Amino acid sequence: MLMTAEDYRESLRSLSPRVFVNGERVECVADDPRLAPGINGVGVTYDFAHEPAHRRLMTARQGGRTVNRMLHVDETCADLLDKLEAVRLVCKVSGCAQRYLSHDALAGFHMATHRADAVHGTDYHARFLAYLEEVQRRDLTLGVAMTDAKGDRSKRPADQPNPDTYVHVTERRDGGIVIRGTKAIVTGAPYMHEFLVMPCRTHRPEDAACAVACAVPVDAEGVTIVAKPAGRPGEAAAKFSARYGQSVGVVIFDDVFVPHERVFLDGEVEEAGHLTTSYATHHRQSCIGARAGFGDLLIGAGAMMSEANGLDPERHGHIRDAMVDLITITESFFACGVAASVYGVASESGTVMPEPVFANVGKLLLATRIYDMHRLAHYVSGGLVVALPGPDEDHNPQTAASLAAVLGGRGDIPAERRAEVARFMEDLTVSHQAGWYSVISLHGGGSPEAMKREIWRNYPVGERADLVGQLIDRGVYDAGQRVSRQPGRCCARGCEAPDRIAPEAAE
Amino acid sequence: MLMTAEDYRESLRSLSPRVFVNGERVECVADDPRLAPGINGVGVTYDFAHEPAHRRLMTARQGGRTVNRMLHVDETCADLLDKLEAVRLVCKVSGCAQRYLSHDALAGFHMATHRADAVHGTDYHARFLAYLEEVQRRDLTLGVAMTDAKGDRSKRPADQPNPDTYVHVTERRDGGIVIRGTKAIVTGAPYMHEFLVMPCRTHRPEDAACAVACAVPVDAEGVTIVAKPAGRPGEAAAKFSARYGQSVGVVIFDDVFVPHERVFLDGEVEEAGHLTTSYATHHRQSCIGARAGFGDLLIGAGAMMSEANGLDPERHGHIRDAMVDLITITESFFACGVAASVYGVASESGTVMPEPVFANVGKLLLATRIYDMHRLAHYVSGGLVVALPGPDEDHNPQTAASLAAVLGGRGDIPAERRAEVARFMEDLTVSHQAGWYSVISLHGGGSPEAMKREIWRNYPVGERADLVGQLIDRGVYDAGQRVSRQPGRCCARGCEAPDRIAPEAAE
Amino acid sequence: MLMTAEDYRESLRSLSPRVFVNGERVECVADDPRLAPGINGVGVTYDFAHEPAHRRLMTARQGGRTVNRMLHVDETCADLLDKLEAVRLVCKVSGCAQRYLSHDALAGFHMATHRADAVHGTDYHARFLAYLEEVQRRDLTLGVAMTDAKGDRSKRPADQPNPDTYVHVTERRDGGIVIRGTKAIVTGAPYMHEFLVMPCRTHRPEDAACAVACAVPVDAEGVTIVAKPAGRPGEAAAKFSARYGQSVGVVIFDDVFVPHERVFLDGEVEEAGHLTTSYATHHRQSCIGARAGFGDLLIGAGAMMSEANGLDPERHGHIRDAMVDLITITESFFACGVAASVYGVASESGTVMPEPVFANVGKLLLATRIYDMHRLAHYVSGGLVVALPGPDEDHNPQTAASLAAVLGGRGDIPAERRAEVARFMEDLTVSHQAGWYSVISLHGGGSPEAMKREIWRNYPVGERADLVGQLIDRGVYDAGQRVSRQPGRCCARGCEAPDRIAPEAAE
Amino acid sequence: MLMTAEDYRESLRSLSPRVFVNGERVECVADDPRLAPGINGVGVTYDFAHEPAHRRLMTARQGGRTVNRMLHVDETCADLLDKLEAVRLVCKVSGCAQRYLSHDALAGFHMATHRADAVHGTDYHARFLAYLEEVQRRDLTLGVAMTDAKGDRSKRPADQPNPDTYVHVTERRDGGIVIRGTKAIVTGAPYMHEFLVMPCRTHRPEDAACAVACAVPVDAEGVTIVAKPAGRPGEAAAKFSARYGQSVGVVIFDDVFVPHERVFLDGEVEEAGHLTTSYATHHRQSCIGARAGFGDLLIGAGAMMSEANGLDPERHGHIRDAMVDLITITESFFACGVAASVYGVASESGTVMPEPVFANVGKLLLATRIYDMHRLAHYVSGGLVVALPGPDEDHNPQTAASLAAVLGGRGDIPAERRAEVARFMEDLTVSHQAGWYSVISLHGGGSPEAMKREIWRNYPVGERADLVGQLIDRGVYDAGQRVSRQPGRCCARGCEAPDRIAPEAAE
């Protein structure tokens, strides 16, 4: 059953999480205006699954039913591309629709549980498949509880003075486990249905208690959420983020019991590390789609702003140049997401993962270039975005008329429209919300240093060195026997796709 | 008489400007908490003139008295350097102390009135010197009312449907002139003593009514100020900008009478254009000092934040790299300010102007690289700056203890301290205030395109082409007779300084 | 019949072009050592079509026969991707295999002749198809004669003092036309079989004589080629470009007769402009593949060089960082080529063209970032690449032993090997050949300004502005009726492909 | 006695170094055409000391006599600025005049010998002063033999399999020491008078034998120089570097005896490290001047090239933009050199050293941005620089006239002139010489990583953190007692200069 945004909001009423926002206990998540922009953002993913124009992208078939794309586990390279485009679509409307995190985590759990079973003879995968089926059937939204509080960053978990800086297993009982600790950055925490808990790095054997992956309802006993408001609710100047935003929360697990059927890893440090990595690879590709959608907003707002200023990019080369730079940045990192789809990598569990070099390159680009995007948006907008008096002034009888008379730009665009566009741009690029987008682009899904390490780890540097070695030695290059045996097959399921750029090792 | 910050605040009580903030009339500028951060910022320039450690930099001798550096008209290259350092000093404490605008405008008026008299036989310069003497004696703070509302940016003033988009002279009476129109971006407008009104570009003869320069008290009849709050007054999370900030206002001149002794240009389009350019050159150098002070804040906050996270830059190369990038950006644009001082250009009025290529290059660099500065500050800080729950949470008995227990970083730095540093960084780089610093760096003092045109206009490209022409033709370079006649003399007053890098045209 | 490299070299003997190199007439192109590296480069495209490992990529089926990929006209998005990968493959071995120009021009001619016939009722397309069939059957290599000498760049053709600065039709006879003028930059000119002549820009009606497209054998009467040597033939230090290189020539058409069956446009200015644009779009995508191959060489050489120096990137973060930057640059522009394939655009002639925004973005990136690639390659290599004595020193009995003893790096890599790698790197990044790669990356296939204009012209800015307009007005986005009617169909032929990111205009 | 370039060339005849170039023994350095461009480059520093227009900059008074600026030990901040400008001047004529290395090393020796004596009670400083007096009196040119061959870069000297990878002391005899080993990159080696030998890093105590600093005549027994030709001697296309260039050589010390009076450090590892660092600081500032001169050449050539192409930067915004970028890069790193002078640091030996943060920032910028300078020069030049046939073609009667007719650009600039300018640009930015400039900018005077470490080591990060700490704690900043005690005094000798930006630690 595919819910609508309205169904989703209603479904939150059946849960009773312990949530604090700005130091106050939240009575009802579904009704709290401070969380409404976040719920609206997630809601787009629900509503668009019903829109005829978007249905093909926003849904997929799996396990005999139609599921929301945000809950679908990719089976082909085309799925990866559809998901990428779907994320861009919902984020260009909502800024950040948040729910792709559910997708990314489900994909990671699918792979890691399968691998753990193969190595350890466990039955995690079957548990997970049952859970997946329920999540898809109920059309849930799952939060990702991954980033631990970490404490002193130069120390590993077991060496921390306070063990609660990392979520860890404190007890194993009949029927389940007990977990304890704090996850520091959980996107959309208050209005999720459940959390997927997982480690934020590969742990050492001595930190095995932290290598735990499981699902926990948002209102499980012992869970406390300390969250920030989503977007800029109730602010008149917030032309965009009064409607769409994202809450971020700290989630405290105070001896929370998790029944076995919701435990998907428990102490398998290597597979837990694999879970983190494969989740991250999926997530980095999703971030690419999300931030491309943000780019669409900036491009559109920039075009409207320069038009309202009376500056036609056709005639003003420096404005056109800045617009082209903005486009170039957005589409070049999006292209990395496309390439990560096309060269998707088949996993043993039957899913397809984005090609990690392209996924990490794209995320690395967006992480650093979002700042340039803001610069370019400001460049084409002029100083009005910070100089314009606030919306309270619009209704000040002593000043409104005078201001309206002089603050217009191009003759056929009323001053009021120009002000709206300026405030939209201010909201996206000057406000606290703007800063949030920047930091989350830089550090969300892993910091640039993490991306760089993944690129290095995954790139076929040896093949390149071999090429040069052969050219030096013989002037020719014979990669014959080293190329993939299955040209035209990207993955085990046999979907049509091109060769890998990185030849496989010869058998 | 050099005032203190307290004297300055008191002096504002004797004025009664018509000011609106957030749609409400401000009763008393000196007491309105929404303007206090701006007044505090200006106040630093007053107090530091009394600090023994800063007195040498913050004051200068002129006309037989000690004046505040922010009101001093530069006579030597050393003055330019002192001013540059003074601006950095007050801005590293206040973010932006605003008052250097007074300095920059006074310098421009000094040059332009002198030139107008020489060409037109007017007596503007004497009027201005009398005014300067009064300003210095009373230790005033002057706002710069330059940026017109502009209307449709593709049209010049006389072609605008609404003439009030530009401030212009509407009447010339015995004893003075009447001006009308709107200045759109006036820094610190509500808490200035007077405005220096000047054009925002070189006007055509048909727009001569806009070529007006004059001084107008902030509370002159017909002046209305529609301003935004300064900084983030009253916000608990605003660790810096609750104390220091800047208001920006729209200033409406509704048939304001200006007596002759306060009129410094009236219709001299060329000299008015010269005023704009020479003000801008001074101002761009000041911006360099101001943003270097902002850089100091980011460097300091970045160092504290990585320390609180437990990441020692000595051992973590990627953190050190980012810190060095931040330093490199800050000091490289500051160096342009230094070079603009060293190669200062003497003017006929007896003042020294910053060398325009270096001043514009430095401003161009800071304008675009402030975005990189934010990126680097975020990079070294980690995601905490957006994930940390707000200050209301600090006193929530149900969560405060748990949060404090896990949100600490390095063992010897309490979680509370880490939170303070994170909020300080958030305030500087994530909040609306952060966006304000970015946009004002990009567009304040002219947009990048304006800087580029000035660089091109002032650079000795011909000399460089001549060098290459000679090398092609003869293999040697004979710049002998083309070099400045006065090695070691940077300006007419004979202060010691090095040769110009750009040789003078041969006589 | 697919030729081998050896067949190709032999086939050049049957032609007798009038070629000058370094001021001397070339007797026999096939045997002149100064052209050998260029012929070797093209030869790779012939030989690899026979290699089992590369056959799938390097050949395609068309018109009932197997043709070389470099002569294939793309019918599906998959073809575009195969071509992109094929170009990367041959260029990572040869630096630049040159022959993809044949592909790009054939694709442009296919589209433009079809369009001209539709508008003007001409029969160009049938002529072209017959020609294409012959070219594929004979497995030829075609040069692109597009860039006119241009004369004064601020003047259009008809305004030039010397009309021969542009190739133009001077006479129309029974059986054909006569052309005259100079093409200034023709890659591989001496060792092509034929030239495809086409205009270098969209011409005005008064310049219609320049709107000529035709095929001319390299040794047609009246054709003179003034060329530079290919690579660095015979230089002992040229570890790479003594074997592989590219000649560039000026081609002078001195009243050359072209029979009707080889004339594909004559005066149709609009379609000729379309030819230029669509050729350029194909070519820019090919450049992406070519320079990615060059990136592979730099990555491989950088890895070998840092290894020979004894610096393991795993342990030396700054070396790893630089290697990752090199990878990031290469793979991010390559990804644009992939995306240009995936979103390929169907043409009316039945071919598929790379999506122009991605193709131009990718070319723009490589054009500017090749300089960064050189910087990074130098960074990881150290100063040895310029300090190493030349190869003549290797056999100097008075110094060779001493040098060998001290110029080794890592113990298990002989000094001789380190020197070879250093010279390979020097050849790629320090030599004249290195400069050639840079300039050709920047200006080949159009300068950055041309790319920027194409990006602006093709980007759906209106859709983005509409998105923002709707969000401002209604808070939602209804792109329903504006999306492409044929999800999953990229082109008229129905190849499987994802939706376009840029929705189509509503009917 | 100040020599002229001709005197300098003659003086080389009295020396008989053992030099190999391209595997052949050089008979006479002064007459070998392969070394002439290098000798010409150094010669500019001699001749300009006699030019009335340059005499003030190119000479200085020291020890009672007028000495060449390139041999002067700086006593004031003004000296540093004069030296910086002098280096720019001679390098904008010669590309790189090389001799500033003498200056930089002499300054370092002055400081290090003084310090060593203070710590160890040695008499190195007196020895050095005597040597300095002789060098200045004889107006010599000294090469810097610093960069050891290094062997495996992951190993320190004592751990190298071959000890000769570092120059070290092998014996101490009556009257002197014996040194052995190889210096890998010695600029201008064949045509120096003497070498100043010094270590390339701070050594460990166990590597003390490598901590040796001394002066060795270029033709001392046991010295062998294996060098590359300077520039591109004899190449017709080398419009610049056939006349001016630089040789780089490997210098092998095969048990070379050095008398005590020429030994300036021997085993004092700490002071030897200080020598390396202080030399490097001076040298990095000199590199700034040198590369700014190179920038002047590129700016001039770019202006001429776009003019010859008929593209007026006033009207073609993208050309102007690129020219402004080129100017911005050049002048922004030059400004760092200016600031390093203004904030010069007094040493105990009585000299003044460039402020190290600015010197390193400037060098870091030029090191990385030289690649952008090449890009911009190519951008404004167009593809002609690689497409133009070689100079042999100019005299080919069969093609010369046709080419000349079409290869002109703007009507009033002959094709021949355009070709000259294009070849000048090709020489500077496409040839092997161009690559040399790039690599030497990147790695000469230390690699970027070394610069970054120096910036970090010298920057007053603690002061910045203290600022932020105080603002957080008290909202104000009290740096009162921490500022330098001597405002206005930059150095012990009391030359007039501004305050330091970095306040001193409080006593």
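Chains: A, B, C and D, in written order; residue numbering restarts at 1 for each.
In this section, a residue touches a chain if its C-beta (ideal position, glycine included) is under 8 Å from a C-beta of that chain, and two chains touch if they have at least 3 such contacts.
Molecules present, by chain and UniProt name: A, B, C, D = 4-hydroxybutyryl-CoA dehydratase / vinylacetyl-CoA-Delta-isomerase.
The model shown is predicted, which means the values in this text are computed figures rather than measured ones.
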With one step meaning two chains touch, work out the least steps from subunit B to subunit D.
1
What chains, if any, are shared contacts of subunit C and subunit D?
A, B
From the centre of subunit A, which chain's CA centre is farthest?
D
List the centre-to-centre spacing of subunit A and subunit C in whole Å, with centres computed as mean CA coordinates.
37
Round to the nearest whole Å and give the separation of the Cα centres of subunit B and subunit C.
49
Using mean CA coordinates as chain centres, what's the gap between subunit A and subunit B in Å?
39
Where in subunit B do residues touch two or more other chains at once?
318, 321
Which part of subunit C faces subunit D closely enough to touch in the complex?
20, 22-25, 147, 149-155, 161-162, 164-165, 181-182, 184-185, 224, 226-228, 248, 250, 252, 254, 309-312, 315, 318, 368, 371-372, 374-375, 378-379, 382-387, 389-390, 392-396, 398-399, 402-403, 405-411, 426, 429-432, 434-436, 438-440, 442-444, 447-449
Residue ranges of subunit C touching subunit B (in the complex, touch as defined):
317-318, 321
Subunit C residues within the subunit A interface of the complex
51-54, 56-57, 78, 81-82, 85, 88, 92-93, 239-240, 243, 296-297, 299-301, 303-304, 307, 313, 320-321, 323-324, 327-328, 331-336, 338-339, 342-343, 357-358, 361-362, 364-365, 420-421, 424, 452, 455-456, 459, 461-469, 471-472, 475-477, 479-483, 487-488, 496, 498-499, 501
